[in-house]
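Only one structure is covered here, and it is reproduced in the block below.
Chain IDs A, B, C and D follow the sequence of writing; residue 1 opens each chain.
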């Protein structure tokens, strides 16, 4: 998005509000999760992203790091999260993306564990799928790609790049027993995707029983 | 309801407060759900309804569309939701209805899935049933009609008209893996029905086990 | 309790705050639940109780009915709840009681259904039992008497009187698929009992599986 | 921690805010739970701890007791909790600890019941484990020592001292069907551990099914 100064500030504030809201729902416990927006400034693109180790219940715009598309710091003194590279992969693979939300929730952790070893989590038949951009029917089958977790972030980056290439329609990616990445053209879009996917993860895990 | 200006404004504000409250409980995620009131102005009736795609956590009276009984816009610039027609069906079939609430919740999604293919979800034996207008005993059997979901809203409208005609005592209707419609003479009545039905859906799904 | 005017007002305000808090937790949905305090004024005793049909999320002292020990209205214009008689039974059977809380929760509804036909719900082995007045060990067995629900309030009153007589140590009574009555010397005591019992109901139902 | 006056007041306020937050989540019901910080004042160490029987939803710095390392009161008029001795054991065994949080939650109660008779609850494979100090991979196996509950606090103190000695890497200890003790160098660290462990307890109990 090419945003004027005021619109940029609003979008950054919306990102922080969304991070605090996620924390309040228990979706970013123990300083987990990270959140970013991308803005265009002429030919240049700038990213604002939450730093490592920050309590997401207290995020304000002043906490955010400003980085360029290679992940080099432009402003801000915090330490970039190890997962910053994953944000960069998504922004490169999805040029229209303006915001990325990454959360650790009980239900996305459970569903990614349930499907361990599979390539994706399939979800179909629910009206709320229409909360995902471009989906116009409950008969849509959403396949959420599932990547095995690792602490080797270069491996994780390659895998992520790979699944994004192979799943051009995906609205999110799960890291196994780790969390969800979802995105959108704006913070509002990304948050709508987050709410839809998390609702569906909870419904599916409960439907499958035992939880 | 025939309401004076002040009473009308209060009722519209109560509708918005109820929408925001539903969002806060996770009952209208990802811009889902829609909410309306009907007011009489002499022989004319006017409806105020939430527009399509609005985040229900932020609804204020200024967001609402004002439409007539055929669904024609009287005021407001948002896009009417595809489900506006379902509101109109209910208002026609239930002349005493002054407010309609439509929500997507984990528990109504699960119970509608459990009873897939059945004509209704039966609920009996609970004291909280007395929260439904006209119900005076826990021994009452509430049959919540269940309609198969479709993206063809003219089909959905006919089916809804049909089940309302056949179930004159119903306090709500479920769309399969989609959500609940409930209503009442006022926003307060509709909200009481909503709270009672959602409580019962949760209890019943948990009682049946596995969730 | 013999209370001065200021202490009385505080206790009444605490009762209302507790009712609103219960509503916020989903423990008094659809205008269900009722709440009372008893105060001594010389030889006379006065009760303040929530009226029938009131949204418990909005209770303020001005909403409360003031009644005497026979249930006759002293002040207030609302309609006494049909369950006012049950409050009177408890106040008579437990002379030290200063406050009574009655709530409809998912977990007390489920546990009362699980033990349908039994005389009580037994709970033992939990540290939180020490939140109940007089209990000093987790090894304590709390037997929560269980009464079959009926709309005949004179039958319900007799049964309640009976179980209170037979269970002098009980801190609460369950009505089957209806709700919990609990009490204490003050609103704070009654609320402590409520929190302890509801925590235990949830743990027990989850422990027994399937929910 | 050696803290100046202002830093000390902030840390005490953070402790109280954390206690109120725990209450809000249902993690300290019925006046359960207790919370403390330790501060260094030259060679002397002082502890601030919540008193017995206090509603944790209302804790402010003025409520806290100030005690020395032997548990002798320095200031404050409340009654020290019976569990104060357990705090002292942890502070002695973990010299770097600046804050201790003790909570009673539905999920820690359930998981401690599930593993009754075992020496510890093992948790592995989750990214959120990295919320625990010093843990750098989801492959880490966290063993949360489990102590059988008893009302004999001298027995409990010895057992606690014993498991802390044998498990130098532990970030928390469970008392069976009672609650969790966790700690950290600061309130923020202890809270991060609390959030990570409680998230994992919920995920594990739900994963094992039946709840």
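What we mean here is this: a residue touches a chain if its C-beta (ideal position, glycine included) is under 8 Å from a C-beta of that chain, and two chains touch if they have at least 3 such contacts.
Because the structure is predicted, anything quoted here is derived from the model rather than measured.
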Both-way neighbours, i.e. chains that touch subunit C and touch subunit A: B, D
Numbering shared by both copies at the subunit D-subunit A contact, with half separating same from different: different
Rigid-body rotation angle, subunit C and subunit B, from Cα fit (steps of 5°): 90
Rounded Å distance, subunit C centre to subunit D centre (Cα mean): 32
Rounded Å distance, subunit B centre to subunit D centre (Cα mean): 45
Residues of subunit A touching at least two other chains: 209-211
Chain contact graph, described as a line, ring, star, complete graph or other shape: ring
Pairs of chains found to touch, sorted by chain label: A-B, A-D, B-C, C-D
Residues of subunit D that touch subunit C when the two form their complex: 26, 29-32, 55, 104, 106, 109-110, 113, 149, 151, 175, 177-179, 205, 209-211
Residue numbers on subunit D that touch subunit A, as the complex places them: 125-128, 130-131, 136-139, 188, 192-193, 195-196, 198-199, 202-203, 206-207, 209-211
